[in-house]
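Each of the two complexes below includes chain A, the first together with chain B, the second together with chain C.
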Partner chain A sequence: MIANLGYGALVLTLIVSFYGIGAALVGLRKNKPALVDSARNAMLLTFPLLTLSALSIIYLLATNHFEVEYVASVTSRSMPMYLKVTALWGGQSGSLVFWSWLMSAFASAVTLRKWDRDREFLPWVIVVSLITLAFFLALNLFVENPFTRLWALPSGQVIEAMLRPAGGSLYFPSDGRGLNPLLRHPGMIIHPPMLYLGFVSFVIPYAFAMAALITGRTDDRWIRLTRRWTLWAWMFLTLGLVLGGRWAYDVLGWGGYWGWDPVEIAAFMPWLTGTAFLHSVMIQEKRGMLKQWNMVLIILTYALVIFGTFLTRSGVLSSVHAFAQSAIGPLFFAFIGITFIVSISLLMQRWNALKAQNQMTSMLSREALFLLNNLLFLGILVVCFWGVIFPLISELFTGQKVTVGPPFYERANGPLMAGLLLLMAVAPLAAWGRSTYQTLGRAIWKPTVAAAVVLVAVIISGVTNIYAMIGIFLASLVIAVTIHQYWRGIMARRKRDGSNFLAAFTKLMQRDPRRYGGYLVHISMAMLAIGIVGIEMFQTETQGTLSQGESLELGRYTMVYDELAVFNTNDARNVARAVVSVYKDGKPVGELYPRRDFFYDSQQPMTIPGVRSTFADDFYVLLVDWEEISSNSATFKIYHNPLVKWMWVGSWVFIIGTLISAWPEKEKETAPKRSQHRVAAAAD
Partner chain B sequence: MEETTITQTGSRNRMKFIMGGAMIVAAVIYLIVSSTQASAQYFLTINELVAKTDEVADRDLRISGAVIGDSIVYDRDNLLLTFDVAHVPGDNADLDAEGGLAAALHAAVVDPTRSRITVVYEGPVPDLLQNEAQAIMTGRLDSEGVFHADELLLKCPTKYEEAVPEQVSGN
Partner chain C sequence: MKQHSTFNLQFSTTIIFLLFLAVLAVPVTALAQDAEPYAPTDDEINAIAREMFCPVCENVPLDVCGTQACAQWRALIGEKLSQGWTEEEIKQYFVDQYGARVLSEPPREGINWLVYVVPPVAFLVGAYVLLKGLRSWRQIEPESTPLVNDEISDDYVARLEDELRKSQ
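And then the complex of A and B:
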C-alpha cells in the first residue's frame, strides 16, 4: 500500500517534470509568462511529491516491510531505528530517490528567490534542473525501483516485481539481510548525504551557466547569482570527501584514509574542477577574463558530478572489470554524453560573446597566478582521469589490461599539489593587474623566515626525507603568509579606529568575508597537507601476539595487554574487547579498547581500532586475533601515525572558513560597472 | 606609434603565457607518462596468471579471483594469512553468461576443475574475507607459483548490492 503510494508519487513527479519542461519551453516560444509561471509551480510541486516518496521508503524501512526488496536488502530487525531510517541511502535505488529529493529541494529553493532582475534566466534554469531531475526519476522508475516487492508464485518461485504477477502472492521474508556492518558508522551515515549535497548543489550553477549561454546574457551575472551555491556545493563535497577518509581511518582498519580507488577518485574529480572554478570566477568578476574557461569548468563539473553519482552507486567500484555492470551504466553514459555535447555546442555558439575584456599583462599578477592554479587543478584532474581509464585504454591498444595503483597517483600528483601549496602562499600577496618580484619579495620575506624556522626545527628533530621537508616547508609558508595577512589587516584597522584586537579581527571578517574566509580555507588546506605528509611518510607499524601483562614497543610507545572480554550485545553483535595500557617514554598516557564486533545477521566481523590522538601523533591499535575461551593471549597490530590529527582539525577550520566566505554580503542593487579604479581598489 | 608598442608588448606577453602554459602541460604529461611506467601492473585473471607463470614472475601484478573459504588459514603468531583463489572470468559478457558476479563467484568455488592459486598475505584478517568473496590483490608471483599480496581488496556481492571495498595496504 505504502509502496504503491511512494511509487505513484515518483510517477507523478516524472509527469510533473515533463510538464514543467514543456510549459517553460512553450511559454518562452509563445511569450506567455503565465506558462513560465506554471512551469515554476511544477518545479515547486516536485519537492512535496518527492518528499512523500522518500517518506514512504523511510516508513517501509522503519517498519520492517521486508516484502519490499529494497528494505530486505538494506535493513534487518536488529538494526537500531536511526540506521533503518538512514538506510534510505544505504543502497542504490534508495539513494537515487534521495538524490532526486535533494535535487528537487534545491531547485525549489532557487525558484523561490526573487527573479525580478533575472527574469530571462528563470525558464532555462527550470528546464535544465527538471531535465536533470527527470533523468534520475526515470532511472528510479524504469531501472532501479526501490518499491519493487517480492512475490511468491504458485510454482514456489520468488520473484521481484512492482505489480502482482498472475497468481502471485506477496512474499514476506522473516528478516532482512541488514546493512553492511562496515557502513554502520556515524561517518558513513553522514558521508553519502554530504557528498550528494555537494553533487546536487553544483547542478544549480550549471543550470544558470546554461541559462546564460542560451539567453546570451553572458556578463558575470550568472556567476554572482550562483557564487554562494557554488561555495555550499564545494563545502559539502569537501566534507563528504573528508568524512569518507575519516570513516576509512576508523573502520577499515589499515591505518589509512585514502586509497586512490576509482570511487574515491570519482568524488574527487568534480572537487578539482569545482575548486578551479571557485578561483577562476573571481578573475571574471574582477577583471572580465576567463569567461569561456569558466563555462568549460562548470560544464566539466556537472558531467563529473553525474559521473561521480554513477560510480559511487553503481557497484562497479574498485573492480576494473567494467564500467557498465548494471543496466544503469549505459544510461548514465548516454546522459552524460548528450548533456556534455549540448553544453559544449551552446558554448561554441557564444564563444565570441565570451571574449575577455582585459588582457593578462604580468606573469606575477594575481590573475596569472590564478590561471596557473587552474592549470594545476586541471593537471591533477587529468592524472586522475588517466588513472581511472588507463586499464580500458591499455586493453584497447595492447589487449592486456594494465592498471595503475596508488603509487601512480602519489608520484604524478605530488609535484602538482606542492605547486598548489606554493601558489597558496604567493597568490594572496600578488596584486590584480600587475605585480613585480620586488613587491612580492617584500611581502613574503617575513613569512618565509618563519617557515624556514619551522623547517630547521623539523630537520633538527631528525627528519631526513626531502619530500617531507618540502611539504612541511610549503605548508608552514602558507600558514605563515596567511597569518601575516590577518595580522596586517588587524593592525591597519587598529591604527585606524583604535579598536581592540578581537574587535578588529571581527570587523575584518565582516568587511571582506569572502577574502578572509578564503584565507582560513587556505590554512585548513595547509593543515591537511601537514597531516598527509605525517601519515604518508612517517607511518610506522608493528605487530605481535601477547600474553596478559606482556608488552609491545613502537618508537617511544609501549603497549601492555591487560585483558580481553567477549560478550553478546542486545543488537545481535558478539563483541571481543581488549583493554591495553599505553605508555609514552615510560609514562602512562591512558587505556585503549580495540575490539572486534561480529554481526550475527550479516555473519560478518568488523574491526574497530583503539586510537589515542594528539597533534603530534596517533597511536592506533587493532585487535587482530585472540585465544578463544581463555583469552590468555591476543594478537595486535599497531600503527604510529604522526600528525594525522592535523587533517581532522583542518577540516573543522575548513568548515568555518567556507561558512565565513559564504556569509551573505549585502548585494549592491545597482550592478557595479567594472573599471580600472575598482580593480586597483580591490587589489589590496 | 604608441599603439604598435602596445601590440608588441601584448604579443610578447602572449608568447610568455603560451610558453608558460606549454611548460606546465609538458610537465603534467611527463609526470603522467613516467608515473604510469613506474607503477603499471598487469591485471590478470587466475587463468591468465597460470598460463603465463614464467612471463610474469617478479613483476607487479594485480589479480582477481574467488576466495575459497575452506582454504583460509591464519598463522596468528606471524600474522600470516594464506588462502586459495579460483578463476573467475574477467569480462563482463562472460560474467553475465554465468548469471552475474555472485553466481560466477559461487560457480568458481564449487568447481574443482577451475585453476587455482595460493595467496599469502601478511597482516590482520580483513573483515570481508570469506567464502565466495571476490578478492582483488596486488603483489608478485614467486617461483613456486604462490602469490604474495601486499594489497588485498574484497567484495562480497552475494550479500550486498553495494559492495564496499575493504582495502588493506601493507608493507
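And then the complex of A and C:
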C-alpha cells in the first residue's frame, strides 16, 4: 500500500514535470502568462509529491518492510532508527529519490522568490530545472525503482517486480541485509546530503545561465541573481568533500583522509570548476569581461555534477563492460551528452553578444591573476579527469586495466596547488584594472617577512623537505596577507570613527561581507594546506604484534598494549576493543581504544582507530589483528600524522567565512533595464 | 730437529682439529639458518604493499586493505622477501600473475605514456592561449574605459582605501 503510494507519487511527479516543461514552453512561445504561471505551479507541486514519495520510503525503511527490495538491501531489524531513516540515501535507488527531492526543493525555492522581478529568466529556469528533475525521476521509475517488491512464484523462485506477477505472492524475508557498516558513521550520514546539496544547488546558476542565453539577456544580471546560490552550492560541496575526508580518516582505517579514489575525484571535479567560476564571475561583475568564459565554466560545472553522479552510479569505474551492461550508465551518458551539446550550441549562438565590455589593461591586475587562478584550477581538473578516465581508455584499447593511483595525482597536482596558494596571497592585493610591481611589493613585503619568520622557525625545528618548506611558506603568506588586510581595514575604521577593535572588525564585516568573508575562506584554505603538508610529507607509520605489556615506538611516541576485550552488542555487532596507553617523550598522555566491529547482518568488519589529536600531531592507532582465543597478543598499526587537525579546524573557519560571504544583504537595486547588449543579441 | 718435528706434529694436529671443527660447523650453521630464516618486519612488507592494489578491492592500497585476500597477498610479499627477492622482483611477480593494474601507477610503456603526457601538454596549451589572450588584450588600449574597481562599486571601501593611503 505505502509502496504503491510512493510509486504513484513518483509517477505523478514525472507527469507534472513534463506538463510544467510543456506549459512553460508553450506559454513563452504564445505569450500566454497563464500557462507560464501554470508551469510555475507545476514546479511547486513537484516538491510535495516528492516529499510524499521520500516519506513513503522512510516509512518502509523504519517499519522493516523487507518485502520491498530496497528496504531489505539497506536495513536490518537490529539497526537503530536514525540509521534506518538515513538509509534513504544509503543505496542507489533511494539516493536518486533523495537527489530529486533536493532538486525539487531548490528549484521550488527559486520560483518562490521575486517572480515578477525576474520573470524574464524564471520560466526558463523552470524548464531547465524540470528537465533535470524529469531525467532523475525517469531513472527512478524505469531503472532504479526503490519501491520494487519481492515476489515468490509458484515455482519457489523469488523475483523483483513492482506489480504482482501471475500467481505470485509477496515474499517477506525475515530480516534485511543491513546497511554497509562503513556507512554507519555520523560523517557518512551527513556527507552524502552535503554533496547532493552542493550538486543540486549548482543546477540553479546553470539554469539561470541557460535562461540568460536563451533570452539573450547577456549582461551580468544572471550572475548577480545566482551569486548567493553559487556560494551556497560551493559551501555544501566543500563541506561534503571535507566530511568525506573526515569519514575516511575515522572509519576506513588507513590513516589518511583522501586517497584519490575516483569516487572522491568525481565530487572534486565540479568543485574545481565551481571555484574557478566563483572567482571568474567577479571579473564579469567588476569589469564586464569573461562573459563567454563564465558560461563555459558553469556549463562545465553542471556537466561535471551529472558526470560525478554518473561515475558513481553507472558501475563504469569497475569496468567499461559493467557500464555497457548497466541500463543506468548509457542513460546518464546520453543525458550528459545532450545537455552539453545543447548548452554549447546556445553559447555559440550568443557568442558575439557575450564579448567583453572592457580590455585587460595590466598583467598584474586582479583580473589577470584571477585568470591565472582559473588556469590552475582547470589544470587540476584535467589531471583529475584524465586520471579517472584513463583506466577505461586503457581497458577499451588494450583490454588491460591499469590503476592510476595517488602518486600520479600528487605529483601532477602538487605544483598547481602551490601556484594557487601563491595567487591566493597575491591576488587580493592587486587592484582591478591595473597594478604595478611597486604597489604590489609595498602591500606584500610585511606579510612576506612574517611568512619568512615562520619558515625560519620551521627550518630550525629540523624540517629539511624542500616541498614542505615551500608549502608552509606559501600557506603562512596567505594567512599573513589576509590578517594584514583585516588589520589595515580595522585600523582605518578605528581612525575614522574611534570605535574599539571588536566594533571596528564587526563593522568591517557588515559593510563588505563578501570581501572579508572571502578572506576568511582564504585563511581556511591555507589551514587546509598546512594540514595537507603535514600529513602528506611527514606521516610516519609502523606495525607490530605485541603481547600484553609490550610496546611499540614511533618517533617520540610509545604505545603500550594493555588489554583486549571481545564482546557482542545489542545491535548485532561483535566488537574487539583494545586498550593501549600512549606516552610521549616517556610521559603518559592518555589511553586509546582502537577497535574492530564485525557486523553480523552484513558480514562485514569496520576498523575504528583510536586517535589522540592535537594541533601539533595526531597519534592514530589501528587494531589490525588479535589472537581469537587468548587475546594475549594483538597486531597494531600506528600512524603519526603531523598537523592534520589544522584541516578539520580550517573547515570550520571555511564554514564561517562562506556564511559571512553569502549572508543576504538588502538588495540595493531593482531589476535593471535590459541592456543594450540584449537588444544587440536579440538582433543577431 | 726434534723440536721441529714436535712443532710439525702440533701444527698438523691443530690444522686437523680446526678442519674437524669446520666440518662440524657447516651443518650447525646450516641448521641455524634453517631454524631462523630471515623474517621481514611488517613495516618492510607494508612499504612494498603500499604501492600496490589488489584487483578485487578497487582503489584500496594493499597495505591497508582489511580483506582476507589482501592479507594473503601481504603474507606472500613477506614470503618472497624472506627468500631474498627484491622489491622490483616482487612487484613484477604480481604483475605477471594479475596484470599491471596491481601497480599504483601505469608502467611507462606504450599507450600508458598518454597518462603522463596529456595533462602537462594540456596545461601548456592552456597557458599559451591565456598568455596570448592577455597580450592581445593589452595591445588594444581601451578607448576610454575607466578602471572599474572596488572603489567604484562600494563607497565605503573607497573611503577606507583613501584613508589607508593617507595613513601610509
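Heads up, the rule we're going with is that the second predicted complex is superposed on the first by the 644 of 684 C-alpha atoms of A that agree within 3 Å, B and C clash if a C-alpha of one lies under 4 Å from a C-alpha of the other, contacts with A are read in each partner's own complex, and residues count from 1 in each chain.
As a convention for this text, a residue touches a chain if its C-beta (ideal position, glycine included) is under 8 Å from a C-beta of that chain, and two chains touch if they have at least 3 such contacts.
These numbers were taken from a predicted model, which means no experiment stands behind them.
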item	value
Contacts of A:492 with chain B and chain C, given as first, second, both or neither	second
Partner chain in contact with A:537 - chain B first, chain C second, else both or neither	neither
First (chain B), second (chain C), both or neither touched by A:515	second
Which superposed partner A:579 touches (first chain B, second chain C, both, neither)	neither
Contacts of A:390 with chain B and chain C, given as first, second, both or neither	both
Partner chain in contact with A:182 - chain B first, chain C second, else both or neither	first
Which of chain B and chain C A:73 touches, first, second, both or neither	first
First (chain B), second (chain C), both or neither touched by A:15	neither
First, second, both or neither for A:440, with chain B first and chain C second	neither
Residues on chain A lying within both footprints (that of chain B and that of chain C)	252-254, 259, 261, 263, 317-318, 359-361, 363, 368, 372, 375, 379, 382-383, 386, 390-391, 400-408, 412, 416, 543, 545, 605, 607, 635, 637
List of chain A residues in touch with chain C within their complex	252-255, 259, 261-263, 285-288, 317-318, 357-363, 368, 371-372, 375, 378-379, 382-383, 386-387, 390-391, 393-394, 397-398, 400-408, 412, 416, 431-434, 488-489, 491-493, 495-496, 511-512, 515, 541-545, 605, 607, 635, 637
Residue ranges of chain B touching chain A (in the complex, touch as defined)	10, 13, 16-17, 20-21, 24-25, 27-28, 31-32, 34-36, 38-44, 62, 64, 74, 76-77, 79, 90-92, 95, 101, 123-125, 127-128, 130, 134, 136, 138, 151, 153, 155-157, 159-170
Residues of chain C defined as touching chain A within the complex	41-43, 46, 51, 53, 58-61, 63-64, 66, 99-107, 110-112, 114-116, 118-120, 122-123, 126-127, 130, 133-134, 137-138, 140-142, 145, 147-150, 153-154, 156-157, 159-160, 163-164, 167
Contact footprint of chain B on chain A as seen in their complex	73-74, 90-92, 177, 180-183, 248, 252-254, 256, 259, 261, 263, 313, 315, 317-322, 324-325, 359-361, 363, 368, 372, 375-376, 379, 382-383, 386, 390-391, 400-409, 411-413, 415-416, 543, 545, 602-607, 622, 624-625, 635, 637
